[in-house]
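Labels for the chains are A, B, C, D, E and F, by order of writing; each one numbers its residues from 1.
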Amino acid sequence: MANTWLPTLKNPDLQSGYDRAIMFSRMEVKLTRPDAEIRRKLRSDYEKDASVLIDVSAVVAANFHTVVAANKYWSNT
Amino acid sequence: MANTWLPTLKNPDLQSGYDRAIMFSRMEVKLTRPDAEIRRKLRSDYEKDASVLIDVSAVVAANFHTVVAANKYWSNT
Amino acid sequence: MANTWLPTLKNPDLQSGYDRAIMFSRMEVKLTRPDAEIRRKLRSDYEKDASVLIDVSAVVAANFHTVVAANKYWSNT
Amino acid sequence: MANTWLPTLKNPDLQSGYDRAIMFSRMEVKLTRPDAEIRRKLRSDYEKDASVLIDVSAVVAANFHTVVAANKYWSNT
Amino acid sequence: MANTWLPTLKNPDLQSGYDRAIMFSRMEVKLTRPDAEIRRKLRSDYEKDASVLIDVSAVVAANFHTVVAANKYWSNT
Amino acid sequence: MANTWLPTLKNPDLQSGYDRAIMFSRMEVKLTRPDAEIRRKLRSDYEKDASVLIDVSAVVAANFHTVVAANKYWSNT
């Protein structure tokens, strides 16, 4: 696993924080299932499954919560 | 993905904060599954599935929690 | 969607805060699936499904957490 | 719904706080599905279903978190 | 239900805090389903079910979060 | 269960904190299901199941949240 894929939790603004939450969610799947071929297969599976898609968005929501807290909600922006 | 879809977490009141939580939940699905046609298909699927619908509302609840914390619960309103 | 369905997160006591959490959970479903007829149908479905019922109570628990935090746990009552 | 089923979040100690979390979880189901006969039926269903049982314990865990935070973790006990 | 199964949330270190989170998770199942025979049966069921096993670990993660917060992350250790 | 598998929640940086969250998630499964043979079997099952994989990433997200909070978001890095 790469040494420097995520050097900091700080993000300049909400938009980039949100993108980071998405990135986290992808990494969580990637680190759990490192084989790219299997991931591609699984992705094509859940593309057709509303239930899994919603579960993915729940993970993004959880990561987003972590990121915004780490940035103190960008209170000064 | 659009650069400016979400410039701030601040909302003037609870109602608009709630609407923002809904919007987050939609974006989370949209960014995960960018193809509009597939989303439309999935939406018509889970329209008939109580279980997925409840899962959607769980994601909204999670995002709502993030938004209200960011706005410090509108303590001064 | 009505403009004033939820003007504040403040509740005088725990009981009313709890009722508000229930109300949130209903709104989350309502805003996600605005057609009353479909909701009625889905409700009669999950009335028979323990799994979905528990998921509903999980959403209520999440919203309840948000409400009690917003009211600082009614520490002074 | 009874007016006074839950007058306060304060509990003298961890044990009673935990029991309260259990009580919350039951109320969440009860308020969602008020018919006692249906609840009895659903309960006998999930008695045999490990998946639903784990989901119930997740709801208890969420409510427990709320209760212990409200009691500031009983830091002084 | 025993009167004194959990007298405090304080744990001397992370390891014992983690064990406590595991213990919570077991109690949540035990209090929900008091019959030992049924629990044994359910356990042998989900032993073969990856999905339920992951759900169990989610409950442990939630309880662990509660325990570490109660111990202020053992910041002084 | 080993006495010293996790001596501290402190991590020098985000990357190692993230790895720790992954490690927590594995331990949660391991302590719940200690038999290595059964775990290997279950793992090969969910390798093919997108739904379980997403659930695993949700557990990682929850543990990650705990770790970053314990490290106060590495605010000084």
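One rule holds in what follows: a contact is a pair of C-beta atoms (placed from the backbone, for glycine too) under 8 Å apart; a residue touches a chain by one contact, two chains touch by 3 or more.
From a predicted model like this one, the values you see are computed outputs, not experimental measurements.
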item	value
Other chains in touch with both chain C and chain D	none
Greatest separation from chain E - chain, by CA centre	B
Same or different contact residues where chain F meets its copy chain E, judged by the half mark	different
Chain separated most widely from chain F, comparing mean CA positions	C
Centre-to-centre distance between chain F and chain D (centres being mean Cα positions), rounded to whole Å	27
Chain centre separation in whole Å, for chain D relative to chain A (CA means)	31
CA centroid of chain B to CA centroid of chain C, Å	16
Per-residue multi-chain contacts in chain D, two or more chains	49, 51, 55-56, 58, 62, 65, 69
Arrangement of touching chains [line / ring / star / complete / other]	ring
Chain order, ring traversed from chain E with chain F following	E, F, A, B, C, D
Residue ranges of chain C touching chain D (in the complex, touch as defined)	13-15, 18-19, 22, 47-51, 53-58, 60-62, 64-65, 68-69, 73-75, 77
Touch list for chain C against partner chain B, complex	1, 3-9, 24-25, 27-29, 31-33, 38, 42-43, 45-46, 49, 51-52, 55-56, 58-59, 62-63, 65-66, 69-70
